[in-house]
Amino acid sequence: MTINVNPPVAADTQQQMGPQDYIRRSASTVPEPARKLEAVAKLIDVSKCIGCKACQSACLEWNDLREEVGVNVGVYDNPHDLTPNTLTLMRFTEWVNDENGNLEWLIRKDGCMHCSDPGCLKACPAPGAIVQYSNGVVDFVKENCIGCGYCVQGCPFNIPRISKVDNRAYKCTLCSDRIAVGQGPACAKACPTKAIVFGTKEEMKAHAANRIEDLKSRGFANAGLYDPPGVGGTHVMYVLHHADKPTIYAGLPDNPRISPVVEAWKGVTKYAGLALMGVAAAAGVVHMAISGRNRVTVEDDDEARRLTAQAPGAQPLDPDKEPMA
Amino acid sequence: MTNSWTDIRNTDLVVIMGGNAAEAHPCGFKWVTEAKANRGAKLIVVDPRFTRSAAVADYYAPIRQGSDIAFLLGVIKYCIDNDKVQWDYVKAFTNAAYIVKDGFAYSDGLFTGYDAEKREYDRSTWDYEIGDDGYVLTDETLQNPRCVWNLLKEHIAQYTPEMVERICGTPKEKFLKVAEMISECSARDKTMTSMYALGWTQHSKGSQNIRSMAMLQLILGNIGVRGGGMNALRGHSNIQGLTDVGLMSNLIPGYLNIPTEREVDYATYISSRGFKPLRPNQMSYWQNYSKFFVSFQKAMWGSAATPENDFAYHYLPKLDLPAYDILRAFEMMDQGQMHGYFCQGFNPLLSFPDRGKITRSLAKLKYLVVIDPLETETSRFWENHGTFNDVDSASIQTEVYQLPSTCFAEDEGALVNSGRWLQWHWAAQNPPGEAKHDTWVMAQLFNRLKKLYQEEGGKFAEPILNLHWPYADPEDPKPDEIARELNGYTVTELRDPNDPTKVLVEAGKQVSGFGVLRDDGSTACGCWIYSGCFTEAGNMMARRDNADPDATGAYSNWTFSWPANRRILYNRASADLDGKAWDPSRKLIEWNGEKWEGYDVPDIAVTAKPREVGPFIMNPEGQSRLFTRGMMRDGPFPAHYEPFESPVVNVVAPAIRGNPVARVFESDRETFGDADEFPYAATSYRLTEHFHYWTKHVWVNAVLQPEFFVEISEELAAEKGIDKGGWCRVWNKRGSVHAKAVVTKRIQPLVCDGKPVHIVGIPLHWGFTGAAKNGMGPNSLTPFVGDANIETPEFKAFLVNIERSDGPASA
Amino acid sequence: MSEAAIHDSRRPVPPVSKKDLDRGDRLLLGREVVVNRYTRWARINHWITAISLILLALTGLALFHPSLYWLTGLFGGGQFTRMIHPWIGVVLFFSFAGLFVRFFRLNLPAREDAQWTARIGDVLKGNEEKLPEIGKYNAGQKFVFWAMSILIVTLIISGLGVWEEYFSDLLTIPQRRVAVLVHSMAAVAIICVWIVHVYAAFWVQGTLSAMTRGKVTGGWAWRHHRKWLRALAAYGQRDDVTPGDKR
Amino acid sequence: MNMEISRRNFLKGAGAGVAATTIGAFGFGEAEAAFVEGLRAYKLAGTTETRNTCPYCSVACGVIIYSKGDITQGTAKAVHLEGDVDHPTNRGTLCPKGAALLDFIKSETRLTKPKVRRAGSDKFEEISWTQALDEIARHMKDDRDANFIERNMDGVPVNRWTSTGFLAASATTNETAFLTYKVVRSAGIVAFDNQARV
């Protein structure tokens, strides 16, 4: 009747996900994986969120991160922004619904969206510093990160942060180390109201559908799922009561996509640039082959001697110096 | 809680009023979101602030703190006026039909028998008419003008929606919307649950706040049913347990009472208890009082408690006052009448009202002993911390002992949750440094005191010398040894009363439940309501079978729930007079012809016939009370009283300040402020990121909510030129604090009796020890006033003034 | 200012003046004609600039395209490469600033630059006789000079904007995106200019000695920078240069 | 009871309507090497699980404390703490306070040595348990003998010790509570209270 007080954590601590499951690897290519993991997703139901910050707390504890104790600046958001230690953050918005004049306290858990088309990975110059697993997890590999900050420019959601301590980029890993042993992210496990749930993406979409139905029945006509196509969909999705205007949720982008500037930089510039340099070098070689070197003739030397014969202020040439020509 | 956390999933309507479950009890609030998501339940939040509970509510209505009774009586009036009453329930299970004595009346805010000198009522008229048969007179037709129902209607007549708006500042249409939603739950197949906490208790009329909602729940037929009930969300992990085990000045474990001086001997004491039924056939369970009491005495003093010495009745202290509660204790300290004080895991310097008085009082002690796993402000009250604790150490003569105790991770034992579940836990790590278990500390203190009395003798040493101490290692009693005492055991063998040759239970066995306890000294039991928690079958509190047949949320085999592993109190009331469930989809127990069966342990005898025995077995009526007779010091019906410090006068009884029988000490009156000097209505509360004064020691929580602040409306901020995130000063006659300002739309000015009322919200989590930024707290400002019945301090409603500031000198 | 009287049969003789000369430009006469073209300090300054530019190209290219990431190996890995690149950039900027001050005067546009550019075909064929007489720098060299100047300013500004370690808060993220794009385009351009510069120096025989030993032959000067040589022949040196000044 | 099953079952999310998701659904095949490049090593490997209860509010969430070392040898140290997914009330979830309990256990301001502050002093000094307890017991006896009220004016035995008060905790176990009750009541203390009201 009394269960074993201290059952050891035996099996299931062996990580069953790894490089063999990469489908993308920054600044490098990966072979087609032999197996395809089922797409997973974290669903954040903003309408169920009570803004308790258990997710932030669990994240700090699981990842052994400690943020510095800050100050109050007149809001509930603490810390005030994502940092290399704060991988997820509750953002609070006091919004008055002009349709009925009611105050709504919109509370959104901010953090990496794990895009299917990750801008950070596209921008990253360091091979293997950012990887994408076949289940959708986009992860930073600390060992390979060079701290250039290109991922910051690449991200459509302003998520990655570069540590001033070790000059490496940090963001939510979706608890890849837990997923690898069949557990969900620490935030999802902790969430008291299950506003954060985790499972396969299909399950999460089905679950979201139920939630949206419930919300519509409670008068939220525009309730919907946030799974932005601009980045190929995300593996962190939101259920929003006002899906028609995501920006009211602390600036959640309406139609996020990788910036065209980044696309240009990482696309055409990269290749055109190399080509241009190649052409320049090649032109030189060709020109040399055709016209040969531009040599000084004996006549030129004689002309020079004639011209400078009575030049004023000329100095005598040291006879011991070996001749130039 | 009459029900359990997991039972909330069965409700149709959740009313959070006088609490903030989403912030203070997030994981319990989970069951509200489950009810919403899975059965379309609705959530109503009524609160002065738009809280995180309100953030996920279906409907929010603002209310001025301290006006809840007017609001709730208004809802009761709405239900009665609109015939939204669960009539079968009210007629069968309440005292609506009882005839009340002539002479009882209410006028100008006072009930009959008030003595302004003593600030007390003579409650003799607050009772029923008793017939010649010794039973109370009733009128089942509810026609008699003196029956409880008609007196109630008369009493609440003045609480119209307009009056509610005048008093509470709740716009009429919002009040009506809430009343309408609530009234729907009078249907047999709709239940509402009330989730409340210190938002109702911490008032000078806290008990009556709760009574008002309890009466409403009875009228709607929501007590004893799945998804219903009165659910007090207790603050601390084992405050339920500490109250059950009677760690209060006037209690004996299991809600028995410490005798008073007037009870000169055991016979007198017991005669005034063990109530005989007021209706035929009722169980009136307190008739067994003597069995529980004697068994307790045997657990305390073992062989020294004998029939000859009235089971050591005189070893118990006798009270000359209703209670030596915390407020009185500090009043005595301040008067120099108390010289020693122990704080076992408690931080009064921040927890008790009027910090100035607390500091002053502690400084008058000869010795103070603090037993705690953490640094506490109390243990360092003598240490100067600038504006955060401005004292002169040299002038404080108190000797202070700071003893390191273990925390949950290092000890073993049971905690009782709000749902009355006794849950056993095990130690995960060894204590740090020289920290010791509280049990070890208490045993060490006791053994030393006993030794001193053995060697030196002294005043009345018997209770100490004879204290029953049956532990394998007297220096270090083990949790399971003590748990066995709490459950109870047979001292001698128990024989069948009808056939003395038959032995029912051997001597020295764990009893199976309080049913077998006796008042002849043959059984011992530390806490009768816990009986059954540690039987011959083993430690029931350690059971971990989380099966839940038909998803009722009962979890009957998970740990142990007092009493008798019952999960929902008064569960007999979940079925109609004939024993059929009010709502078949929410069956709890039903009468099958011979006995009661279902998902829970029946509250009444399993073979007690319906229509004979009422559900409310602890009441001599067998029924619940809409009219409480003389059982509450401030009236058999709730009435609206303003807080002692209120921004408006009491519009129903202008002459009365506060609750006429609330606990007030004359010496504190001069520290009360008035609205002309301190115009703003302040309230104190917890934040979800913190737990009282513990989590400021926890780095992560200090990060999540680092610094002391107050919350004010944009309107008040503009009026006072206070910036969002800027400093402001909040003060009254008792103290002054500097805080960051959170200027928010979530607090709106209210209009009460035609006058705008601004609210100032003051969270309570900061001090001068720990990882978080140093800060002050509301108890520098709160008044030294207590509830009329249980002396809970009035932390939720008081007056302050506020201005822009440059922050504390040392900040 | 009087004209040089020396007659030339093939091309009109352009007027020359002392302004066509740099400090340190000197004629040395003996068995052969040798011309001092660059002072020691000019050469040191040039080579610091050159090395910085090469290191910048290598570290930059390493982070510019995955296929060149292996170059980080030359600098002890990606982290170090990322760390030093901007610092070298700072060195380059100040070093080039020195060159700019030294050289910009004679790199200002001149009348003959237009003809020279118009006859770029003959330039490439090496038909010097079809070109006008050129001073110390021809239009090609001037182009390199001014291209470098503009690109380096562009690179240092855009570079600071994306210098994560110290200036991450200088620009908004969208601004940083533009900055990093501009930076990489400018980098490509400057590398191309650098290729032209190096190739020209190598193609035109006798040029390298100007930056190694600081001297060129009279023949080289006659052939490629005759106007400059005429000025030397006419005045020998700028009079603000006292005899025996350091080379 | 199989921890592995329950550890996965939390994906059900307290009946939040999310169907059970098994490792199979994730498409995991046979196990890989224990250390996986690019992944943080699973930090709970080789730890011991202990069932406990959150000491904060009265929801009394079940928690699992993960520790290293052997408690019978006095070497056990908690390394991590999470919600107990088998617990009916919290189903493995925790609030921001419960989720950070490890920092409570390891708080820098936890007490590890008995201390005493003498009259008029401005600092604590360390003191041995024995001496501290001896002194406290002496304080108690002196105060009790000096102020104990055996009988009231009417000669009725009242056995009150009103000059020393005891404030009991709010998070200690029932067992601690009852032992405390026995000690405090047998001494006749009446100013006895707990945190129920605040």
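All chains are identified by letter, namely A, B, C and D, in their written order; residue positions are counted from 1 within each chain.
To be clear about the criterion, a contact is a pair of C-beta atoms (placed from the backbone, for glycine too) under 8 Å apart; a residue touches a chain by one contact, two chains touch by 3 or more.
Computed from a predicted model, the values in this text were never measured in an experiment.
**Q** Taking each chain's centre as the average of its Cα atoms, which is closest to the average over all protein Cα atoms shown?
**A** D
**Q** Mind naming the chain pair that shares the most C-beta pairs in contact?
**A** B-D
**Q** Would you mind checking which chain's C-alpha centre is most distant from the centre of chain C?
**A** If we average the C-alpha coordinates per chain, B ends up farthest from chain C.
**Q** Centre to centre, by mean C-alpha position, how many angstrom separate chain A and chain C?
**A** From the centre of chain A to the centre of chain C is 41 Å.
**Q** What whole-number Å value describes the gap between the mean CA coordinates of chain C and chain D?
**A** That gives a centre separation of 76 Å.
**Q** Between chain B and chain C, what is the separation of their C-alpha centroids in Å?
**A** Chain centroid spacing, chain B to chain C, equals 87 Å.
**Q** Would you please write down the residue numbers of chain C that are in contact with two or more other chains?
**A** In chain C, no residue touches at least two other chains, as defined above.
**Q** Would you mind listing the residues of chain A that make contact with two or more other chains?
**A** 3, 5-6, 52-54, 56-57, 60-61, 192, 194, 210
**Q** Any chance you could list the residues of chain D touching two or more other chains?
**A** Within chain D, the residues that touch at least two other chains are 1, 14, 16-17, 48, 50-51, 81, 83, 90, 93-100, 103.
**Q** Okay, what are all the chain pairs that touch?
**A** In this structure, the chains touch in these pairs: A-B, A-C, A-D, B-D.
**Q** Write out the stretch or stretches of chain D touching chain B in their complex.
**A** Residues 1, 14-17, 48, 50-62, 65, 67, 69, 71, 74-78, 81, 83, 86-91, 93-101, 103-105, 107-124, 127, 129, 132-141, 143-145, 147-148, 150, 152, 154, 156-198.
**Q** Help me check something: in the complex, which residues belonging to chain A touch chain C?
**A** Per the touch definition, chain A meets chain C at residues 27-28, 125-127, 129, 144-150, 152-153, 158, 162, 164, 167, 259, 261-262, 264-265, 269-270, 272-274, 276-277, 280-281, 284, 287-288, 291-298, 300-301, 303-305, 307-308, 311-319, 323-325.
**Q** With touch defined as at the start, can you tell me which chain A residues reach chain B in the complex?
**A** Residues in contact with chain B: 1-3, 5-6, 47-54, 56-57, 60-61, 66-76, 78-79, 94, 96, 103-105, 107, 192-195, 210-211, 214, 217-218.
**Q** Which positions of chain D touch chain A when the two form their complex?
**A** Those in contact with chain A are residues 1, 3-4, 7-8, 10-11, 13-14, 16-19, 21-23, 25-34, 36-51, 66, 80-83, 85, 90, 92-100, 102-103.
**Q** Across the complex, what residues on chain C touch chain A?
**A** 6, 26-34, 62-66, 69, 72, 77-79, 81-83, 124-126, 128, 162, 164-165, 168, 173-174, 176-178, 180-181, 184-185, 187-188, 191-192, 195-196, 199, 203-206, 209, 215-223, 229-230, 232-237, 243
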